[in-house]
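Next come two complexes built around subunit A: one with subunit B, the other with subunit C.
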Partner chain A sequence: MFPAGANSAMLRKLTPYLFVAPLMIFIAVFTYIPILTSLNLSVREWNFLSSNMPFVGLRNYEQLLLSRDFWNSLRVTTLFAVFSVPLRLGAALVIANYLVRETLSSRLLRGALFLPSVTSTVSIAVVFSWVFSTDYGMMNALLEPFGLGRPQWLQDPHLALWVLIFVNTWKQIGYDIVIYIAGLQAIPRELYDAASVDGGRRWHVFRRVTLPLVMPTTYFLLIISVIEAFQVFTIVNVMTHGGPAGATDMLVNLLYEIGFVLFDIGRGSALAVILFVLLVALAIVKSRIIGSKVHYEA
Partner chain B sequence: MTRKLHSTIAATVFALFGTLGTADAATTVKFWHSFNKGQGEALAKIIAQFEAANPGIDVEAEFIGNYNDIVAKLQAAIPARRAPDAVILEITRYGLFANNNILTDLTPYFDADPLKSDLYDYAREVGVINGKNYVVPFNSSTPVLYFNKDIFARAGLSAQTPLKTFDNILAAAKTISEKLGSEGISGIAAPGQFARWGLVMANDSELIDPTTNEILLDKPNTVEAYQWMASLVNHHKVASPDGVTDEDNGRDAFLAGKVGIMMNSTGNYVGSKKAIGDNLVVRPMPCNKVCSVPIGGAGIGIMASSPKEVQDAAYKFISYAASPEANAAWFAATGYLPINKKSAALPVAVKALETQPGIDVAINSLPYAHGRARSTVVTWMRSTEYKMWEAMALGQRKVDETMKDFAEQTRAENQRTSN
Partner chain C sequence: MKPENRILAVLSLLVGLLFLSPVLYSIWMSFQTADAFYAGEVAFTLDNYGRAIGQFNFARYLANSLIVSGLVTVLGITLATLAAFAFARFRFPASDLLFGATVATLMIPSHISLIPNYLTLAKAGLLDTYAGLILPAISNGFAAFFLRQYIRGIPKALDEAAYMDGATPLQVLWRIIVPLSRPAISSMALYIFITEWNNYIWPLVAVGRQDLYTLQIGLARLYRVNPGEGLIDWPLVMAASTITILPVLIGFLLVERHLVRGITMGAIK
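Entry: the complex of A and B
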């Protein structure tokens, strides 16, 4: 046994670790161990059922990198991110700029725009599947009387991805608006007063004052929305299953198909590892290119 | 006070042990299935009757989703040790589990069960792989052709319009689309996977040979059948593309009175009857080059990982589910085929046959119904077929090239899984 003094010193040293231990255990169990397990599975062949998992080296990675499906998914996911992220953030900033005032109508609109963010993605995807149904959908019922034909929204490879971008933007924009409003409200009022005294026009004030000072918020939303864009799954799985002809087959959908439809766990894990590396690389690139242009003080 | 406290504690302890004793007495069988709505209610009645007759067994049934969902969730549940004790498995897709020793060989149970001689040959056969019985059939089906008599009449077609060949069906679908297209009604629902398999068989071919397991996806008659099916959507435009990306859409549109013809499982009979009432007419699948239909549906298997006493209880349940009483009730409530020779004579089945016209069409198809391949690769082939069909039906890939590519991929996968 330790003497009383040593005991209490030991306890003092351990206390911070004891406080963080539950969270550390949680993160280890649900994040680090799965990452390590995925790494291990990515170099093995397994179908969930067989008792042995032979080591196959880098064969799963090789098969993926040589497959047409992987490159198609990477292309589709990149297109989705390239178009949906600027659309989301641009529209959110414009709307937030109008809703930043503390009026009753602004508050009501903020609530209405935030609703899709807290609505189940599956429900949204099912509803929009019917909205964009070729023969029974509301969208074509609205277009047809104007002679705009009956587009096959979810069956035409040139349209399906745009429908998903629209639905994803509709769902996520409320969250972006709320974050932008918080960012806009943090900009000191005096800067706008000074710009006004200097005779700055509305667009100039927005470009020279608002835009630079809201950059930290934009940077945060950019990182979050790019990660989300690369992880989109539910709307794809419910609305198109990656079709038509792979036009919406994004990386996570391909991962699900390989792992849980075709039961090739090794190749599915290899794809998960590639996706992880890709997202880390993107975060580093973003921090190097954009991070340096972000100003955290007015 | 102390005495009172002691008495209370003692009573609580006795009550607790009493409860545990009761819980121990019942064997619980966790059962995964794929039936909801009306079919789910019919299954719940069968389970309730079984439990009433077997007070020591508690069947904990859970609706998991469709056949594909069950296969996916079972694969994930097995390594997590969360698998059920008994599970409904579609009859072409249980080979994957049987060949990996996940399912119990039911042959000893089945050989000792009088049920074996009561089952029709076709039903008994679907549960066998390499001479061993892995599932006991529960819901057997064939595809049939449904049409809406009212839509036919409005398009100027009589209820006796011939629908025996691909040309007959196309002609009727074209007439409906031309006459009623402006009302949002299409001629035919894009065929789902079960009907597609049936149409390939009606064209004197197969996807995989059930005897030799040879891949026949690029055989000329198979390709020809797919060309005809794809042309319904992308060339003749008599089937909505909505039913290609999600085959339930085609069925739902038929049930909503927006489609003239639908080819689908006989298990949809009661649901269709409820939806469109007396306008429902049922015909056999077309005999384009030959009369041949696939036997579909599912059987119940028992997991090899379950304790012996649970396996025994589970077998009692699946044997009951195939008994004349349960099977007759199931047939009358859903339209699935009778699998037990004694079912049809029971009052509930007799009444269904008398009062529900068309429910016997699938039964009359049995002389030319055939079992399908159930080798390990079938699960992979069926999952991949959806994407291939979508590309062909939407006109994004040529049918002959796609089927050749599909056949080569399936052969490669077959080679990989057999090593």
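Entry: the complex of A and C
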């Protein structure tokens, strides 16, 4: 396998490290060291240009937690998560339940529903900017004949966030459906047969068999869609820039504005650290749940 | 096929088309003149594509997106496969630690590295270069994890036979593991390519020079900084949007089942 000798023994020990080294170097430089850099920058004051970056303790965190922008973003992001996640999962489960069988029609529909989740988010944001534009948009063209007026969807602070929730749901639901279908197909058929023999009706079977048995999938999707909701950026940046009047100023958008528009690196990093702690906590909950899912299926 | 199945298939197709109607209409609109669109008439033209590609530089953006996504995919798959092979086949001191660090990247949200990576690349003089767009994207912990699981399913006896014949580990990887892992590798390549193709926030901060814009940045700018005064030139914007969607759309139609399978498997991440 290897030529004999001290050198080759050395080489043999080194081999696996040589294989993993390229990946490890890139992970270290672009993923792990940045966490430390962010922590360091979050306790300093710096604007990219000045030559010194004085240590300011927790002042950036304090400023952030005392600012209206931060609490507004947290509120907007939480609202987004609270309304978009149940909408996505509820609709996805119902649809998946109809599309679970491997027939031509269900495959066609699955394909159509799945397509947006691999499509460019910027394109989708641009297309829906048109759909919801006031004067020439598709939505108002459909609503007006019914006497529903012509809402200024993206300029109205009471409507803009709902538009973003709608667009995000439209984009992501196909993914949720595909995952639910995989979960549903894993349920043993005998359970359904048994429930039907008991004279269970459709709703009864759904509630007693389907719902409890796809619970692990639901937990999984719940956590990843909450994590996703806290990272929404592209549709905000393209469709509303956080407006009108901060109504759609979600957390990552605020981070972008503080860091790359105002160039306040210290405060931007403090926000990044807060968001990081929040999301890693959620991710840990997720990995616990996946652990329990394995147990559940055993 | 039974007649009721045929009806169901047609019905499903209609529902699917209705769901996709905003995008389908945007493609239709991209072939209309702006005057006709605003007058609510129909007038077919290719002029929007001509202007998007020529005057508004979308040929360049398309080339940039292909270069960046292509290189990220090739380099990302290479790094992931090399590491996955070592994690699957060798026990070495710190292997658990390093594998753990690889898997843990899945939990780390990318925004935490936004400002630091910007600074790293600024210091290296790589902002506004292809390298600056590519390098932060090529370490993919998920691909490494996924491929490692797959490689573990390949019988080790195959490796051992090759080692008996005097093969080196690199030869075993290249001649045995890679050919046998082709389905997993192509799923991951597709996944990396699509993710990178649609990447927005990183090119947004890393690139200021217009000739390095990817399609996503070019499209967002075209819509945001609209050339038409007052009225947005929607047909032009939709032509640019269609150019941005098309490569992934075509790829999707070619490999849909493959992709869905990859993503379903990805759900375990």
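To be clear about the criterion, the second predicted complex is superposed on the first by the 255 of 298 C-alpha atoms of A that agree within 3 Å, B and C clash if a C-alpha of one lies under 4 Å from a C-alpha of the other, contacts with A are read in each partner's own complex, and residues count from 1 in each chain.
Rule of thumb we're sticking to: contacts are C-beta pairs under 8 Å (C-beta built on N, C-alpha and C of every residue); 3 or more make two chains touch, one makes a residue touch a chain.
Predicted, not measured: the structure shown is a model, and the values here were computed from it.
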> Given the touch rule stated above, what does A:L154 touch, subunit B (first), subunit C (second), both, or neither?
Replying inline: first
> Does subunit A have more residues touched by subunit B or by subunit C?
Replying inline: C
>> Under the stated touch criterion, which partner chain does A:V118 make contact with: subunit B (first), subunit C (second), both, or neither?
In response: second
>> By the touch definition at the top of the document, which applies to A:F260: first (subunit B), second (subunit C), both, or neither?
In response: both
> Who does A:S106 touch here: subunit B (first), subunit C (second), both, or neither?
Replying inline: second
> Of the partners subunit B and subunit C, which touch A:S129 in the superposed model: first, second, both, neither?
Replying inline: both
> Of the two partner chains, subunit B (first) and subunit C (second), which one does A:V205 touch, if any: first, second, both, or neither?
Replying inline: neither
> Which residues of subunit A are in contact with subunit B in one complex and with subunit C in the other?
Replying inline: 129, 133, 136, 260
>> Considering only the defined contacts, which subunit A positions touch subunit C in the complex?
In response: 1-2, 13, 15-17, 19-20, 22-24, 26-27, 29-35, 37-38, 41, 103-106, 108-116, 118-131, 133, 136, 138, 170, 175, 178-179, 182, 220, 227, 230-231, 233-234, 237-238, 252, 255-256, 259-260, 265, 268-269, 272-273, 275-276, 279-280, 283-284, 286-287, 290
>> Applying the document's contact rule, which stretches of subunit C touch subunit A when the two form their complex?
In response: 1, 5, 8-9, 11-13, 15-17, 19-23, 25-26, 29, 37-38, 78-80, 82-83, 85-87, 90, 92, 95, 98, 101-102, 105-120, 135-136, 138-139, 141, 144, 163-164, 166-169, 194, 197-198, 200-201, 204-205, 215-216, 219-220, 223-224, 232, 234, 237-238, 241, 244-245, 248-249, 252, 256, 259-260, 263-264, 267-268
> Which bits of subunit A are touching subunit B when the two form their complex?
Replying inline: 47-50, 129, 133-136, 152, 154-155, 157, 240-246, 260-263
> What residues on subunit B touch subunit A, complex-wise?
Replying inline: 68, 72, 75-76, 78-79, 96-97, 100, 102, 184, 186, 240-242, 244-246, 249, 253, 258, 379-380, 383-384, 386-387, 390-391, 394, 396-397
